[in-house]
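Have a look at these structures, which come just after this line.
Okay, so chain A shows up in both of these, paired with chain B first and chain C after.
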Partner chain A sequence: MKRRSLPDLVWAVLGIVLIVAVWQFYGQLTNPFLFPSFTRVLGQLWEYIASGILGRAFVETMGLLVVGLAIGSVVGIVVGIVIGSNANLSATFAPFIQVAYSTPRIALIPLVMLWFGVGFNAQVVLVFLSCVFEVVTATEAGVQLVTKQYREVARSFRLSRLQTFIKVILPGSVSYIFSGIRLGMGSAFVGALGAQMFMQASGLGSVVKHAMQSFRTDQVMACVITLAITAAVLTAGMRRAEQRIAPWRNDSFDD
Partner chain B sequence: MPEELSPRTVIAARMGVILLWLATWEAFGRQQPELLSYPSLVVTYLWSMISSFELFSLLAASARIFLSGWVLAVLIGVTIGVVVGASRPVRLMFEPFLNALYSTPLVALIPLMVLWFGLGEKAMIISVVLNAVFPMIIMTIIGSRNAGKEYREVARSFRLGRIQTILKVVLPGALPYLLVGLRLTTSSALRGTIFAGFLIPDQGIGNALRSAGDALNASRLYGLIMVVVICALLVDVVLRRGIKLIDYTR
Partner chain C sequence: MAADPGVSFVTRAPEKQPDLAAAPHTARPKVWIEGVMKSYSSKAVDNLLALRDVNLQVRPGEFISLLGPSGCGKTTLLKIIAGLVPFDSGRVDIDRDPVTEPSSKVAMVFQNFGLFPWRTVRGNVEFGLEAAGVPGKLRRETAEEYINLVGLGRFSNSHPSQLSGGMQQRVGLARALAVRPEILLMDEPFGALDAHTRELLQFEMLSILQKTQATIILVTHSVDEALVLSDRIAVFSPSPGHIMEVLDVDLPHPRDAAVKSLPRYAAMRQHIWDALRPVAKKDDAS
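Here is the complex of A and B:
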């Protein structure tokens, strides 16, 4: 039996109102330079937008993210498919990929700077490194699983290796590939911010860092709000694309 | 399908890959030592760092921040997750907010922590917690919701209290999700430790990496990156072992 209750959306709105109210109230009680109220942060956000700073920074960050993630995805998918469809390659390289995957890629910033400098290309390299292993791992796992599940079927339909690959394995692993890209996107975003903070100053990363250096908590918070909205929109977009392309797999398990 | 290699051959193949990589690095590195360095030099340098105890103090500083942040993130994450997951209204109110924060690159909050807590260990630990806590919260919410369904009736018929239901029914039922959360939390905590070390000059690995890069000291930089890689690997192995111990579903 279901209890009668308010619709979901009402609760969600209530939650937001509550959080904003507490934030506003607390912000007005304390030192506004340390903890700015919600309206103050909104005012700063508006100032950022009106002055064009935020728009420019946003475009720079998205450009870096998209280029790095695109290269990382393509390379990751290809490598994942190659490794995933050959048991020996997979067994040989699995530990190396595991090592790369568990290493925080942000630690490579000084290395990337030493090799490629601090410009846009170097930043793309860092974003690429931040996401490529996520895509490789997910693609490899998907290809292996699908191969195991459908090998018999493909054989009984007398499909050739190429046909099996195009008609069975590739469509079967699409959803895994997408989870890999979604996971990679999160870490590419961190990589992009790191690159823009510590390499050549640009984009949202440099705006946050500049806000810190000028002791502006309201500016840092305005940036975090921007990032939160961006990340939410991107994640929702990815999920939607995922459901479009692979509607048969409906889970939200982030692994 | 190609023939599968025996486990021994696979290990030999892995060794081959490592040796090939080291040999190539050594050969090219000797041509351009200031950019590439080379393995034998890096190992010598690492050894000097070990024998002077410098590496030990770097690792100790980073490990203290990572471990405190990690423990706090896990405890806080599970607690918030259980509280939010336990009641439908609370979940509906706060889950969208928590979900948004979960996907936000929260390294952007580290500057705020610097402003609030100064350039010190406190700011670093809180930064690590903030970066690592949300996967744990989200996975605990998802897990306790999924675990609740089947067993809540049972718990009720055994007349378990709220806290007992959570401890004996909800958390064990949510275990697979908690373990996924644990893995995500661990990698975020590692990342947070390094990132915070770039921003906050501490006694740990992050700051050492950064200054080695700034000083264009290739051997030191490669040595430190190797140390980071080995530590990450070690953490991963320990975590897998630990997960195997507690995961009764396997």
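Here is the complex of A and C:
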């Protein structure tokens, strides 16, 4: 593993260099209004950072993301455990959760606005809805899997139901729960941006929206780069946390 | 044929099969299984008969193997003794008490080890003791004692994923022994291991188990494994499972790989294969 990581990194850097080179080359040939060059976008990014616009927007978006994801995780874990522990409940809610899980939650924006308004709380509701089903699904799957795997071990050592839950189900499901939160974080990010673009303008969503409305392609691209890096860093961080918590699990819930 | 297989290997001594009513406490079987019937109902099949009138008396301190073809109900019987699976009719007693739930006298070693990957070796071995409410210090000491017994002293703080299959199964054995069971149940404990590890661990387990007084019930479908390890072998018919005969394995102790070259071993092996053969034919016909 250690031996492979260096060449992999070299290849990744090569890939980035190649893409940036092509981008720069094409950007200089074509109309910068439609397709700004890499250096131009970089310049805009720097302007955003220097003016403090990006920093403020970033904090706002992360605040929304964290609050929504935290509530979504707590509710998702509790619901996932309850449903995962009871086959009848699981069967009852499976269709609903599956449909909700595969629906783009962005489509709920009009309803959320109708019921909760456009302010921060309404935005939290959207972020919550964006991530909660991921957490529920992963937690439920984890609880069911661990139960199936260890039910007889726990029973043969005469554990009570509570002991089984605390000593077996919970520790066994933690890594699945984490995978669910990681997946949920991705959707929560989309939800947060959507909320900030289409509900009350704020955070990175409003910066993107503003750039778009003023036809500043370079600004839009600078925003996209920021979002891409943020999402990549967040996901990588969650993956590392997962590996810390469950180093024996090299499979992953989703991929 | 090397020796006349005949009936001479079948349990010969009637005094070793005491009648529950007549025998005094000393000769009482550890596990008394009589007329046990068990059928499963699942979505696929309704009322599939898994065990048909199973009778067996397990003697205190003996090592008995349940041997039979795949699907004959060996695991089912073991789980019934463990109190994990209910049965339809008949009786199963441990020391005269009917089995209704998992007993504190019984511990089980699982085929796929059933270890907890999030716990260290010591944590795994302490598991049963925690459930029994053994206080921290004593629990630790007991766990260390059994980890040393199975020869894993250096690996107390390792996680199962860092161990080989054979080592993992020794953790499984230590975990079961740590609760000091009177009866140890093992469902194909070597089944998930490669042939070489399997053979090594069989003899190692034998010497480990000699240090305990536990009565041992082992499920296997390997004739050699049953012969090498057991004092007696209960041979099952194919499904629905029924114990066709119970053999005394009168091979010398302590056993090592050399027993396999004894003429007696070859004769018993032949006898068991003959007992299982009509079974194989019936399987082919159906």
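Note that in this section the second predicted complex is superposed on the first by the 246 of 255 C-alpha atoms of A that agree within 3 Å, B and C clash if a C-alpha of one lies under 4 Å from a C-alpha of the other, contacts with A are read in each partner's own complex, and residues count from 1 in each chain.
The rule we apply is simple: contacts are C-beta pairs under 8 Å (C-beta built on N, C-alpha and C of every residue); 3 or more make two chains touch, one makes a residue touch a chain.
Nothing here was measured: the structure is a model prediction, and the numbers come from that model.
Asks: Putting chain B and chain C on the same copy of chain A, do they fit or clash?
Replies: Here the two partners, once superposed via chain A, fit next to each other without clashing.
Asks: In the overlay, answer first, second, both or neither for which of chain B and chain C A:P171 touches.
Replies: second
Asks: On the A-aligned overlay, A:Y150 touches which partner chain: chain B = first, chain C = second, or both, or neither?
Replies: Touch partner of A:Y150: chain C, not chain B.
Asks: Touching A:A246, do we find chain B (first), chain C (second), both, or neither?
Replies: In the superposition, A:A246 touches chain C alone.
Asks: Check whether A:P104 is in contact with chain B, with chain C, with both or with neither, and answer first, second, both or neither.
Replies: Touch partner of A:P104: chain B, not chain C.
Asks: Touching A:L159 in the superposition: chain B (first), chain C (second), both, neither?
Replies: A:L159: touches chain C, not chain B.
Asks: Which partner, chain B or chain C, is in contact with more residues of chain A?
Replies: B
Asks: Hey, in the superposed model, what angle do you get at chain A between chain B and chain C, Cα centres, nearest 10 degrees?
Replies: In the superposed arrangement it comes to 90 degrees.
Asks: Is A:A228 in contact with chain B, with chain C, with both, or with neither (first, second, both, neither)?
Replies: So A:A228 only meets chain B here.
Asks: Name the contact category of A:G186: first (chain B only), second (chain C only), both, or neither.
Replies: Only chain B is touched by A:G186; chain C is not.
Asks: Quick one: minimum Cα-Cα distance, chain B versus chain C, in the superposed arrangement, integer Å.
Replies: Least C-alpha distance: 11 Å.
Asks: Name, in rising order, each residue of chain C that touches chain A in their complex.
Replies: The touching residues are 79, 82-84, 102, 104, 106-108, 110, 114, 116-119, 127-128, 130-132, 159-161, 179.
Asks: For a test of understanding, state which residues of chain A touch chain C in their complex under the given definition.
Replies: Counting only chain A, the residues touching chain C are 149-150, 152-153, 155-159, 163, 167-168, 171-172, 174, 246-249.
Asks: Which residues of chain A touch chain B in their complex?
Replies: Touch residues, chain A against chain B: 5-6, 8, 11-12, 14-16, 18-19, 34, 86-88, 91-93, 95-96, 98-99, 102-111, 113-115, 186-187, 189-190, 193-194, 197-198, 204-205, 208-209, 211-212, 215, 217, 220-221, 223-224, 227-229, 231-232, 234-235, 252-255.
Asks: Tell me, which parts of chain B touch chain A in their complex?
Replies: 1-2, 4-5, 10, 13-14, 17, 35, 88-89, 92-94, 96-97, 99-101, 103-109, 111-112, 114-116, 135, 138-139, 142, 180, 184, 187, 190-191, 193-195, 198-199, 205-206, 209-210, 212-214, 216, 218, 221-222, 225, 228-229, 232-233, 235-236
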